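Should a chain be cited, it is by its letter among A, B, C, D, E and F, assigned in written order, with residues numbered from 1 in that chain.
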Amino acid sequence: MKRLQETWKAGDGAVNAWLSTPNAIVAEITGEYAFDSITIDLQHGLIDYQAALSMLQALRGSTCTPLVRVPWLEPGIIMKCLDAGAMGIICPMINSQEDAAALVRYTQYAPIGARSFGPTRVGMVYGPDYASQANKSITVLAMIETAEAYKNVLPIVGTPGLSGVYIGPSDLGLSLGYEPKLDQDDPNVMKVIKTILSAAHQGGVKAGIHCQSPVYAKRMLSEKFDLVTVGSDIRLYRSAVSNALELLNR
Amino acid sequence: MKRLQETWKAGDGAVNAWLSTPNAIVAEITGEYAFDSITIDLQHGLIDYQAALSMLQALRGSTCTPLVRVPWLEPGIIMKCLDAGAMGIICPMINSQEDAAALVRYTQYAPIGARSFGPTRVGMVYGPDYASQANKSITVLAMIETAEAYKNVLPIVGTPGLSGVYIGPSDLGLSLGYEPKLDQDDPNVMKVIKTILSAAHQGGVKAGIHCQSPVYAKRMLSEKFDLVTVGSDIRLYRSAVSNALELLNR
Amino acid sequence: MKRLQETWKAGDGAVNAWLSTPNAIVAEITGEYAFDSITIDLQHGLIDYQAALSMLQALRGSTCTPLVRVPWLEPGIIMKCLDAGAMGIICPMINSQEDAAALVRYTQYAPIGARSFGPTRVGMVYGPDYASQANKSITVLAMIETAEAYKNVLPIVGTPGLSGVYIGPSDLGLSLGYEPKLDQDDPNVMKVIKTILSAAHQGGVKAGIHCQSPVYAKRMLSEKFDLVTVGSDIRLYRSAVSNALELLNR
Amino acid sequence: MKRLQETWKAGDGAVNAWLSTPNAIVAEITGEYAFDSITIDLQHGLIDYQAALSMLQALRGSTCTPLVRVPWLEPGIIMKCLDAGAMGIICPMINSQEDAAALVRYTQYAPIGARSFGPTRVGMVYGPDYASQANKSITVLAMIETAEAYKNVLPIVGTPGLSGVYIGPSDLGLSLGYEPKLDQDDPNVMKVIKTILSAAHQGGVKAGIHCQSPVYAKRMLSEKFDLVTVGSDIRLYRSAVSNALELLNR
Amino acid sequence: MKRLQETWKAGDGAVNAWLSTPNAIVAEITGEYAFDSITIDLQHGLIDYQAALSMLQALRGSTCTPLVRVPWLEPGIIMKCLDAGAMGIICPMINSQEDAAALVRYTQYAPIGARSFGPTRVGMVYGPDYASQANKSITVLAMIETAEAYKNVLPIVGTPGLSGVYIGPSDLGLSLGYEPKLDQDDPNVMKVIKTILSAAHQGGVKAGIHCQSPVYAKRMLSEKFDLVTVGSDIRLYRSAVSNALELLNR
Amino acid sequence: MKRLQETWKAGDGAVNAWLSTPNAIVAEITGEYAFDSITIDLQHGLIDYQAALSMLQALRGSTCTPLVRVPWLEPGIIMKCLDAGAMGIICPMINSQEDAAALVRYTQYAPIGARSFGPTRVGMVYGPDYASQANKSITVLAMIETAEAYKNVLPIVGTPGLSGVYIGPSDLGLSLGYEPKLDQDDPNVMKVIKTILSAAHQGGVKAGIHCQSPVYAKRMLSEKFDLVTVGSDIRLYRSAVSNALELLNR
């Protein structure tokens, strides 16, 4: 469960898988591969808590660090996902330092935060020192995906307890008046993305980015992003089906 | 998926089915019938997101427009339901223009609103122009069901981006000091209901009402309501069982 | 759980509900009504074991006797349903005394039969004397629904341990060269049905019949059938939806 | 469903079971025992709404009063759990009278509160007078589990409509700078616990406490707590497995 | 639902998708593509009846013909899958004409076979003439996958009512003393495969083959197989993940 | 996954857990403990295939060998459970060498048996040499639990490919005319049990026995049984609840 942090300790960029399908078999298969982390997406993925729990269980034998993207900055679901076994939270639509501070508060135990104590499953999975290690073991990533968040990126990255930021290029593009798509290449959008990356590194925190094609993800790693997502499971499956049918002239 | 809007374009009143049972078979059967829309009730219905997803899938072959009533004015679940395939949202307890504006913000993409982009299933079902069409294709109905909402009905119906209002007679009755029941007939309650209907039409938006008996629903159509609900699935099933047992002298 | 047997002890005909929907809410609602028994259909119903278990749990507070129609004369599923809480088994396609004897063997403990011991849930629900009472408490009905079964009806009803027969009019009609439908009225089919009824009563066992309309079910009760099914849940729901839409001119 | 209130009417302390496993069989088994109430934990338990619904159904035949601990002070899930059959709500992290008043508002119908009307399942289970009885039949417990809540305990217990408080010793300990554990025995923590107990009784409301060992729970009953929890299901199962393996020298 | 038969009527070879994941989202996505048929695998796939039902529902809007591979030649599950919406059955381990005749009997209504009547879902999906069309609309494929079946291939393909054979290369290879793998190329195995293909065509029935790579599937189409499977879903997803990680040097 | 075989190689008696609850959390918790094997009971347990699959996934991180008790000697479910990850099968009601030979045939690949090839999940979990190792890695236990099986114990234990026998004391007692209970102590039943044990060891195969109390299980280990079951999960939970309530004078 510590693979993501070990990759970062080694100074490397991490590769993250992305699960949108509410299914524990897809999760278990993904966990066989050399990803540093696997994110179960409860926002745009077709997944809610109970499905996520079974997926976290299916990742029990995996070396990949399990993360969850929550639907919104809401304490109930964030804490439930942590108790269920997520070792990190990606939270959408963090637009201000106030938002970022709330995110930290919901994910950290006192005295740093106000997470309620009861690590029912994660305590079993992580082991007896979970309670004492949780505040430093959990990765907390704030999504920067609006013009407002971009404007506030410096106070956001300066929020004590935040592990880093995660760029959502579709929403960011949309908010800036461009097309809502991944693997952005418009120079104006790219400039914003690179500014966020720099701000994160200047603030001493990590920067991740949601990508679609492996080629683009590789480019982002070379840009020094600390975490790149390839996928999702649905996109990868679709690409494989399309390729197969193309070969068969369908 | 566009049947509801087509019925309205034709100037007709729409008939809406109501699903309270967390079951995809009941949904699929309902989708066989000549309803304009089918609402999956995540508030008082016994349904949460994952069950709703399977129900939306079961309506894939139906011509009825799928709607969801969400449990509360909360962005996480509203956006999840839209991504899962709902072409409209009915939101309970909209008591002010501020509430109504938040509802619009959660259901519309920028620049109108702040819905996060990622139409994982709905984009597949609706087709490639979903992103460009969503803001005008999605029906957003604010429930008017308290004395406070009644007081604020004019600012509510004037909220830009709102498609209409939907009257919840039980809560409205309760809030006004009457019995919490459907198919209201008390003159004082009826006066309130008609005032809301008029306010909606003066504001240029639609008005719907939750009914129980088909006879009452028919009357409400003749009162010029734009959408009447008959049902729910549970009420209809109960009535059929009662009638059968009565015939058998049980 | 003993209501069906009590109705029979009182010399009355029993009314049976029929569940085809894999859903515990539909089951719980049905259990509120004055049925003598409720059959969960694992053959043509859209239900398998795990759904049936949740439905049996939902009938916990009901006074109706829970029955299961199994998919086929197969010991694994028959015994699982009994352990899960079914107080009776309806088995399709019993065409010979050999079949009927196998059915008895699978549903009765030694020394009468060879049912394996382990009443995990039913023992809890029925109480501590389940083991000693099971062989006489469980209702075992063999479906007579082919020309072959009709030919063998006397040896079938004479099978020791069998509680009775249950006529499947659709399959019986089909097998005899008529239309596969419920509520048969063709004189030739009716003659067969009445012959089976007489054979059962002469053999000292019960006779049940699968009906659709309550009116037909009532007629079958007056013909002295010991159990008539009205329904199913799906048929009743469909009739209520159709009636509602008809009233609304849809 | 009224056992908890009857125990209290008789002047006795109540014993509460605690369910963390998302499973209706575990719930049904627990419902066989002489608990006054059974709480389904949607906060730290591994349970969400749809699993809770099936558990509430499995408790249909039980005499124990079903309660739900909700994940957070959020109206959507609180009202859904009440409609599904919970006869009481335990709400975490009530830190002020404002929080407590919101909790009352979400759990009571007008004119006391603003709970939306639609008791889909609970109305069926409780019976036809549910609507008129709900406000006095539902037990509403505010969790006191932070230093801030401790500071505000008097205004909290004075909130009209609140049934009582429920102490979460792990979070309370953590918040006060002690170890996050159950069955606290540190004199400083115990002093806080007893102060809360006294405050509740002075305010005329009930006081409950989350315990682990039955021995500690018994002690708390003798301290005049009105409700003690033993468990959870997971803790009890773990203790039985440990004991068995110890006997087998594993 | 008739696409497979239409492709065959047009004299073309059909492309079949293969689902091993118990998930309705994967099924719905697959149904978007230009497959002639989609097989839900209840034998080696991780799928049982209830999951298959939800997958068949998710294919409601698809033009692909839904097939099911059943776990074994057992009437209960075969008939349940047909009632649930399968328009064809692939049955493993058909080793003799007796086996093949039983398969036909279980899949066809009287007078050809002995399938029990009750097309609960498929009757709704296919339409009112299902009962009269079923015997000719349903595709029945016998798997030839052992040395014994190979020996009996002529009587098997001569079984009245059988639509065709489907070669399982892994089991066939294993049974003949070769490696259990797909996309066989050993000349001895290939000779057996071509003999089966010829036997099927001489017997006037279809021949299908389970393939892994699209390239091999294309080759089998050029060999005049009437149906080639590409996939499964799991294999395609795995290949896409592997390719992505390879590009990222993982 | 090899722990059971390693314990046996070391000459020790194995301790087996028993799961009757259809729940992956209970399974995962059980997998934390020092059992040699864990059996998921699909016969008298309240579990079918899909629940068993999620439980096998939840045991992914456990060192205990996962076994399944199947509902009956039926090839479909036996092979599905092996493909899903079971490393051993316990089959009820093996009454003759013919039964035992069928069991071996269904669990072993050619040339020993006729298990169909397609280890979809187990191949992933066990690793790439599963196909070549499966026939010797899988533990196959025939239940001896009737008077007839007792009579045929020598030919049964002599069946090539069988790993051993497993005594079901309840059914065995019932079949012999005694009470159907675990932890038998009647001298006549004990004599039969010891005869079976001796027969197994003389035949060179393992002998296991289903126990309830840990004390009795320990005694059976000292009698040289190779595998003793303690439990089940339900019995252990019940005992813990009873003890807790007794302490609280309930």
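The rule is simple: a residue touches a chain if its C-beta (ideal position, glycine included) is under 8 Å from a C-beta of that chain, and two chains touch if they have at least 3 such contacts.
Predicted, not measured: the structure shown is a model, and the values here were computed from it.
Between chain C and chain D, two chains of identical sequence, the interface residue sets overlap for the most part, with shared numbers making up over half of the total. Centroid analysis (C-alpha atoms only) places B farthest from chain F.
Note: centroid distance chain B to chain D, computed from Cα atoms, is 34 Å. Inter-chain spacing, taken between the CA centroids of chain B and chain E, is 42 Å.
Chain centres here are Cα means. That of chain B falls 39 Å from that of chain C.
Across the assembly, chain E contributes 22, 25, 29, 46, 48, 50, 74, 77, 121, 234 as residues in contact with two or more other chains.
Every pair of chains meeting the touch criterion is listed here: A-B, A-D, A-E, A-F, B-C, B-D, B-E, C-D, C-E, C-F, D-F, E-F. Interface of chain A with chain E (complex): residues 15, 17, 21-23, 25-26, 29-30, 33-35, 46, 214-215, 217-218, 221, 230-231, 233-234, 236-245, 247-248, 250.
Partner chain D is touched in their complex by these residues of chain C: 24-25, 28-29, 32, 54, 57-58, 60-61, 121, 124-125.
Residues 48-50, 53, 74-77, 79-80, 83-84, 109-111, 114, 116-121, 131 of chain F are the ones that touch chain E when the two sit in their complex.
Note for the complex: chain D touches chain A at residues 20, 22, 42-48, 50-51, 70-72, 74, 77, 92-93, 145-146, 168, 170-171, 174-175, 177, 180, 234.
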